[in-house]
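Order of writing sets the chain letters: A, B, C and D. Residues in each chain are counted from 1.
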Amino acid sequence: MIRDERIPSDELRRIDEEIRADWPTGADVDFEEAIAYHESLPDNKRFADVLESADKPLLQPRAGVPRLDDQIELLEYLHGEGNADLLPTTIDSYTRDNEYGKAQQGLEKARETGDDTLNGFPAVNHGVEGCRTLIDAIDAPIEVRHGTPDARLLAAITFAGGFQSFEGGPISYNIPYTKRHGLEETIERWQFVDRLAGAYTERGVRINREPFGPLTGTLVPPSIAIAIGIVEGQLAATQGVRSVTLGYGQVGNVVQDVAALNALKDLANEYLPDEVVVTTVFHEWMGGFPPDEARANGVISLGGMTAAIAQPDKVITKSPQEFQGVPTMQANAAGLRTTRQVIDMAIEQDIDIDGIAEEQDLIERETRCLMDTIFTHGDGDVVQGTIKAFDSGALDVPFAPSDSAKGAILPARDDDGRVRIFEWADLEMDDEIKEIHKARLSQRANTEGREQSFRMVADDVDAISDGKLIGRP
Amino acid sequence: MIRDERIPSDELRRIDEEIRADWPTGADVDFEEAIAYHESLPDNKRFADVLESADKPLLQPRAGVPRLDDQIELLEYLHGEGNADLLPTTIDSYTRDNEYGKAQQGLEKARETGDDTLNGFPAVNHGVEGCRTLIDAIDAPIEVRHGTPDARLLAAITFAGGFQSFEGGPISYNIPYTKRHGLEETIERWQFVDRLAGAYTERGVRINREPFGPLTGTLVPPSIAIAIGIVEGQLAATQGVRSVTLGYGQVGNVVQDVAALNALKDLANEYLPDEVVVTTVFHEWMGGFPPDEARANGVISLGGMTAAIAQPDKVITKSPQEFQGVPTMQANAAGLRTTRQVIDMAIEQDIDIDGIAEEQDLIERETRCLMDTIFTHGDGDVVQGTIKAFDSGALDVPFAPSDSAKGAILPARDDDGRVRIFEWADLEMDDEIKEIHKARLSQRANTEGREQSFRMVADDVDAISDGKLIGRP
Amino acid sequence: MVPNTMSQTVVLGVIGSDAHVVGITILEQAFSAAGFDVVNLGVQTSQEEFAEAAVAHDAGAVLVSSLYGHAEQDCQGFHEVLEEAGVEAETYIGGNLAVGQDDWEETRATFEALGFDRVFDSETDPEEAIAALRDDLGLTTTDTERATISS
Amino acid sequence: MVPNTMSQTVVLGVIGSDAHVVGITILEQAFSAAGFDVVNLGVQTSQEEFAEAAVAHDAGAVLVSSLYGHAEQDCQGFHEVLEEAGVEAETYIGGNLAVGQDDWEETRATFEALGFDRVFDSETDPEEAIAALRDDLGLTTTDTERATISS
C-alpha cells in the first residue's frame, strides 16, 4: 500500500534506470555530470533563488514550440520584448501522454515543414543536450510546464538538461488533465519526480516544484485549490523538495482572489515543514476568455490589478489571444507588458479593501475542513487520505474530467461574484460553512428572480468570455 | 465690468446675429426651426435624458475627422463595434481658432485627396445641414468636443444642427488650450454659449453642458479641477443651463481618484442650484501615454477599474494608440471594449477601499479654500472672483500655457502616488493643508533619498509613459 | 420514457488525448435540454470508442470536440473507422481546431476534407449546432421538444 | 553671467495654434541643465515670432515643437521666413508630427523637405536632442557644462 514515505535511494536508482530505458535519449542522463552542469550555471539561472529573493511579483508567460531554435527565439523574444522575469517551456501533448514516438513524428514534421505540428516542446525527444542548448541560450531561469500524469522520464531528462523548476503534481496533473489514470498510480509516479528533485536538492541544486494550482481553471472554489496545493507540497517535501511554489488561479472577484492568495501563503507555511521555502504563484484567469483581444486585455488587466494588491511571488500571464489558440509571440509579450504596466502603476499604492480578512477566514476554515477529512480518510497518511477522500467524494474538483474524481460538485458565483459551491455532492464541509454559501447563493438567485440550477453554472462559465463576471440572465 | 449675470434676451439676439455673420453657414441658423428639429428627435438621441437616467457608467470615446461621410462611418463604427453609449464629434484645431477659412481649405483638401488634413470635424463649415445629416445618421446622442476659446458660432451652428451636448467652458477651454485669450474675454463668450443653451433649455430642449475637467491633463491636483468645474457649472446655471456634467481626469492613484469623483459629485450638488441636474464624467488618464499599445491597455484598464469603483455617470475612454496620434477607428473601439470589460467585471463587486473618506475630506477642504478665495476675490461675484484669483495666483493650474494663469504651481506625487502640490506659489490654501502635502512629499523624498526638485516633477510627468505611477529615480 | 428514434441520439466526446471537458459539459446540457438523447463519452475518447458508441446507441449524430490543437492528427482516418463499423450518422466537429492563430476557412476545409459534415469554431453557440442538427436530421423543433416533454 | 556665445543659445517654442506645453517645459529644463541658454517662447508661437527671437538672441538653434497634428501646415514657408530674417541657426523639429498612425520615415522626409536639419519623433529623450545639438554646433560637453557652472 502506497504511503507518504520517502523513496529509498536504491529504489530511486532502480526506477530511474527503468524509466530512462523508455526512450533512447534517457541513456544520456548522468546524475553526477548533471550536478556539475547545474553548478556551472550563473546565479541568474537558479530558479528557486531568483524567485525566492524577488521583492515584487515576477512575471512568467506560457510558451512552447516544437523546434529547439524556434523555442530559443521565442523565449529570447519573451525575455527581451516581453520583459518576462521567468521563462517557461511548455511541453507538447504527446509527450504528456508518454507517446514519444508520436512526438518524434511531430517534431520531424515540424523540422521539415516549418509548421508547428505539436502544441509544445517535446523535451524528451530533444534530450539532455537539446535542453542544455536552450538553458545556455536564455539569460533567465526556465521552468518546465506540462500536464503529464507520468512525468518521470520528462523530469529525469529536463533536470539533467538544466531546468530548475518543474510544474505539476499527482493530483493537479491528473484530475484536470486526464481521464483514466488512477490517483494511486500518479501519486507513485510523482513521488519519483519529487524524490529526484530531492536528490538534486540534497546536492545543493534546489529544484523548484510547482503544483498546478488552477486545476480545471473553471470556477474552482479557492479552498479546494489550496487544499490540493498543500497536499502536493507535503508529498514533495517528504521526498526532499525544499522549494515549493503553490499556485492559485484568479476567479475574478478581487476580494476573494486577494483573500485566497493570503490564505494560500498562510496555510502553506503552517502545513508545510519549516525547511521548505514556500512561494506563491497567481495565474491570470484560466477559464474561457473573450473572443476579442480588446476585451481579453481587460481580463488580463484585472489579473494584474489583483496581483498588485495581493503581491504573490510570481504571476503567470495570459495573452490577449488566449481564446483563439496558441498566441503569437507578439501577443504573448503584449500580455506580459499589459500586466507589468498595471502592476507597476498599482503596486506602490495603498489599496486596502474591506472584507478581505473575513473572506480569508472563510477560505481558511473551508481548507481546514478539507485537510481534516484527508487526514481522517488516511488515518494520518496524506497519500491514503487523498486517494480515499477523492474516492468518497469528500474531496472533489468541479468539472474534473478524471475518473479518479467524482466531479460532482458544482460552483456558482454569488451576488458579489465570489465563487461558492452550489451543489456540494459528497464534499466534506462544516454545515455552518455550507449555510454561508447557501445564503450567498440564494441572495443571488433572489436578485435574478430565478432558481439555482445548472443553467446558472453554465451562465457563470460563459460570463467572462461574454464580458461580465456574473452570468446574470 | 463683466459679472455673473444672465444675458438679457435682446442682447442674446444681438450677439447671435453678429456672430452668425462671421461665416456664411451662420445664416442658416433659425432658432424656432431648430427647436422643432430637436423636438422631432427620438428619445435615445436626447443627450441629457440618456445620461441622467443611466444606471451604470456610460462610455464615450473621442473622435473627429474632417469629412461628413467619414465622420458618420467613424461614429457608426464606434457605436457598433465599440459599443459606445454616447458619441463625440471632436472639432478641428482651425475651427477652435475661429479660422474657418483655413478649416475650409483643409476640408476641401480632405475631400480631394481623401487624407485627413484636419485633426477634427469642422462643424461650422459643414453647417446646420451637415450637422443634422450626422445627427440623423447616428442612433445615439452626440456631444460636441473641441477646445475653443470663442465657441459662439460653433455653438449656434451645432445646437441648431441637433447636438444636445457641448463640452468646454471659459476657464477649462482657455487655460489649457490657448496662450493669449484673456479670461474676461472667454468668460464673456462662454456666457453667450451658456445663454444660448439656456434658451434651448427654456423651450424644453435641455442642452447638456460639460466643463472640461482634466484641464492640462498633467498631474492636476483634484481640488483645482473640482473648483474650476464648479465655477463653470455656476456660470452655466446662471445663464439657464439645467444639465451640467462635471469632469475629472484620472491621476492614476485609485484612492485619490475615487475620492475625487465622490467629492466632485458632493460639492457640485452643494454649490450648484437645485434646479441643475449634475452628472459626473471621468476621463481615463489624460497625460502622456506609453509608446506601446500593450502597456497603454494597462493604463486604460486601470481607468476602467477606477470607474467601476467610483461609478461616475460617464467615462471618456482612451485608445491604446493615444501616444502615437489620432487612433484608427479599430483602436478607438478597442479602448472602449477594454474599458467595458473591466467595468463590467468589476462593477458588481463590493470593492471598498480604506482611506477614501479621508482623502475625500482633504479634497473637499482644499476645494472649499479655493471656492472661498474666489468668492472673496470677487466680493461675492464668481466672474470677478475667478478673473482676480487667477490674476493674483490664488487660483492656478499646473502646466498652464495661458498668459491668464500664472502656471506657477508644481505638482508631484507622494509616496503612495497621490498628486500633491510641491510648489504652491501664490495658490490660496490653509496652512494646515499645506503641511499635509509637505509631509507627504517629504516622506517620498526620504524614500528616494533625494531632494524635492523640478527633476521629481519631470520624472512624475514621464512616469506613466515609462511604465510606473511614481517617477522614482 | 419514449423509445429513442435513431435520429435523436447524439454521441458526444472529446477526441484524442484532449482533456478539455467544460465545452462538452455545456453541450451535453444544451442538447439534452433541446430534447436529444445524449451519450457523453467524456474526454480522451478514441476513434474506436466513438464508433462503438455510435453503433451501440444507433446514433443519429456523432459530435466530436477538440480544443487542444491536435484535432487534425487525432481525426486522421476517423471516417474510415466509422465506415468500417457501419456508422452512417452525421458527423460534426467543433472547438479550437488548429494550433495557433490560423485562418478559419483553411481549417474548415481541412476538416471537411477529413469527412466531417459540419465544422464549428469555438465561438459557436450550442444553439447553432442544435439548429443545424435538427436541419440535417430533418427534425422539427416539435419532434425534439416533444421528446423533452415526454421523457 | 558669462556672455552668451551665439552657439549656445537655443530658441524653443510650440508652433501654430498648438497649446501642448508640457513637452517644451521638459525640454527647457533639460537644455538649461545641459548648459544651453534657452529662450522659451511658449505655445502658439508664429513663424515670425520664432524668427524675431532667433535674431534678437543670435540663436544657434531653433527648436520647434508640434504635438497636435497640424505641424506640416504650420511649417509651410517657415524656412523662407527664417532666411528672410537672416537666421542661420540649426533648425530642429520634434513632437507628434502627423495626424493619425502614419509612417515615420515618410514624416521625417516631409519635414526634411520643409528645410529642418533634424526631425525627432515623440519618443525622443531630451538627451538625444542635446547630444545631436552639441554635435551640430561643434560643442563638447565641457563647453556647455562650463557654461552651466559659470552661469
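Just so it is clear, contacts are C-beta pairs under 8 Å (C-beta built on N, C-alpha and C of every residue); 3 or more make two chains touch, one makes a residue touch a chain.
Quick caveat, the model's predicted, so the values are computed rather than measured.
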{"item": "Fewest touching-chain hops separating subunit B from subunit D", "value": "1"}
{"item": "Remotest chain, subunit A as reference, centres from CA atoms", "value": "D"}
{"item": "For subunit C paired with subunit D, centre-to-centre distance based on mean C-alpha positions, whole Å", "value": "68"}
{"item": "Centre-of-Cα separation between subunit C and subunit A, whole angstrom", "value": "30"}
{"item": "CA centroid of subunit B to CA centroid of subunit C, Å", "value": "54"}
{"item": "Multi-chain contact sites of subunit C, meaning residues that touch two or more partners", "value": "none"}
{"item": "Chain contact topology (line, ring, star, complete or other)", "value": "line"}
{"item": "Every chain pair in contact, whichever chains are involved", "value": "A-B, A-C, B-D"}
{"item": "Residues of subunit B touching subunit A in the complex", "value": "252-255, 290, 292-302, 304-305, 333-342, 344-346, 348-355, 415-417, 464, 467-470"}
{"item": "Partner subunit D, residues of subunit B touching it in the complex", "value": "93-94, 96-97, 99, 102, 106, 116-119, 147, 176-180, 216, 218, 287-288, 291, 321, 323-328, 331, 399-401, 454, 458, 461-462"}
{"item": "Residues of subunit D touching subunit B in the complex", "value": "14, 16-22, 25-26, 29, 42-44, 68-70, 73, 96, 98-102, 122-123"}
